[in-house]
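What follows is a group of structures, each given as structure tokens.
Look for chain A in each of the two complexes below; its partner is chain B in the first and chain C in the second.
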Partner chain A sequence: MDGGLTQAESRELDARIQKRQVKEFMNVFGNLVDNCFTSCVDDFTSKALSGRENGCLSRCVLKSMTTQTRLGERFGELNAAMTAEMQQKMR
Partner chain B sequence: MDSDSVKKAIIKQVLIESNTANARQLIEKINENCFEKCIPKPGSSLSSGEKTCVTACMEKYMAAWNQVNKTYLQRIQQEVGNNSFST
Partner chain C sequence: MSFLGFGRPQPTSAEKIAAVENELKVVAEMHSRMVKICTLKCIDKTYREGELAKGEAVCLDRCAAKFFEAHQKISDQLQKETQAQQAGRGGGFGMQ
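Coming up: the complex of A and B.
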């Protein structure tokens, strides 16, 4: 048998990775609420969110999501370019 | 106990744990944000104005959490809808 993982180890690894991903997502979500709250909500004379604040929050969330997607794409692009450059140099 | 009820018990346990962690993080964030927004000059006790502000802030933060949740889910569902129609 080679140095790979047994089935049980593989399952354990998958479970741990999933747990970590969930944790990470909750972090991202919490920070998103934090940022959008800071940007959008300033008036504490009432207990309910105004229509303006609600709209601001919605737009904030959508903008953040779009930004994250674009950042991911851009990162991929840069990564691919770097890899291609390295392969060129190795020839 | 059959495997189905074991599975259900595990899922329930995981949900409880994740909700607890969720709640803990939420309270932490509320503390930070509302202290910053409502108590610009900390004295030795909270004035009634500061107390009112903190209460309102907490309500608003939770409402904001819900709004963000709703918007996020809507957008995700949109994406899934778009993907299932593309070939």
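Coming up: the complex of A and C.
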């Protein structure tokens, strides 16, 4: 999918993609914090994370990472299949 | 394919880059929506375990497949409806 870009153009595209990836990572990180915090922390009688909350947060991070990986694999497969199908239809 | 663009001005560099970038953005957005939704539908929020349970893993796989199928179905249907609507309006019966 180079779309007939010149070398300079594809360098510019790479730079933009890199910027996007940084943003994307911050987004994923933010969602992870929000999701795990919401799921694990609901007791505000103390300002420190309790042992239970701490454990829950680490399990949440672990599980979310496995989830991300697994869904990433499925997404890759399904997206490739969908793209192939669309290209076939266009011919 | 460039001969199909006959008579059209050549896209500028910025336009070409934006087109590819946009395509990537659409895919990236679909990916992050899918992760959010399938996590919500499949993952037990108590986090008593740090590992994916078998049932959750299977649920994620099915959720991903269904998400794509739904995406395809809705996009096809929307396209059909829009075309039908445009054909109806283009029929030229003078109705608004």
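By definition in this document, the second predicted complex is superposed on the first by the 67 of 91 C-alpha atoms of A that agree within 3 Å, B and C clash if a C-alpha of one lies under 4 Å from a C-alpha of the other, contacts with A are read in each partner's own complex, and residues count from 1 in each chain.
Definition applied: contacts are C-beta pairs under 8 Å (C-beta built on N, C-alpha and C of every residue); 3 or more make two chains touch, one makes a residue touch a chain.
Just so it is clear, the model here is predicted, and its values are computed rather than measured.
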| item | value |
| --- | --- |
| Per-residue contact with chain A, leading partner among chain C and chain B | C |
| Partner chain in contact with A:E9 - chain B first, chain C second, else both or neither | second |
| Touching partner for A:N54 - first (chain B), second (chain C), both, neither | first |
| Which of chain B and chain C A:R20 touches, first, second, both or neither | second |
| Partner chain in contact with A:L62 - chain B first, chain C second, else both or neither | both |
| Touched partner set for A:D34, first chain B, second chain C, both or neither | first |
| Touched partner set for A:R74, first chain B, second chain C, both or neither | second |
| Contacts of A:F44 with chain B and chain C, given as first, second, both or neither | first |
| Set intersection of chain A contacts, chain C complex versus chain B complex | 27, 36, 40, 57-58, 62 |
| In the complex with chain A, residue positions of chain B that touch it | 18, 21-22, 25-26, 29, 32-33, 37-38, 52-53, 55-57, 59-61, 63-65, 67-68, 71-72, 75 |
| Contact footprint of chain B on chain A as seen in their complex | 22-23, 26-27, 29-30, 32-34, 36-38, 40-42, 44-49, 53-54, 57-58, 61-62, 65 |
| Chain A residues within the chain C interface of the complex | 1, 3-6, 8-9, 12-13, 16-17, 20, 24, 27-28, 31, 35-36, 39-40, 56-60, 62-64, 66-68, 70-72, 74-75, 78-79, 82 |
| Residue numbers on chain C that touch chain A, as the complex places them | 2, 13, 16-17, 19-21, 23-25, 27-28, 30-32, 34-36, 38-39, 43, 45-52, 56-57, 60-61, 64-65, 68, 72 |
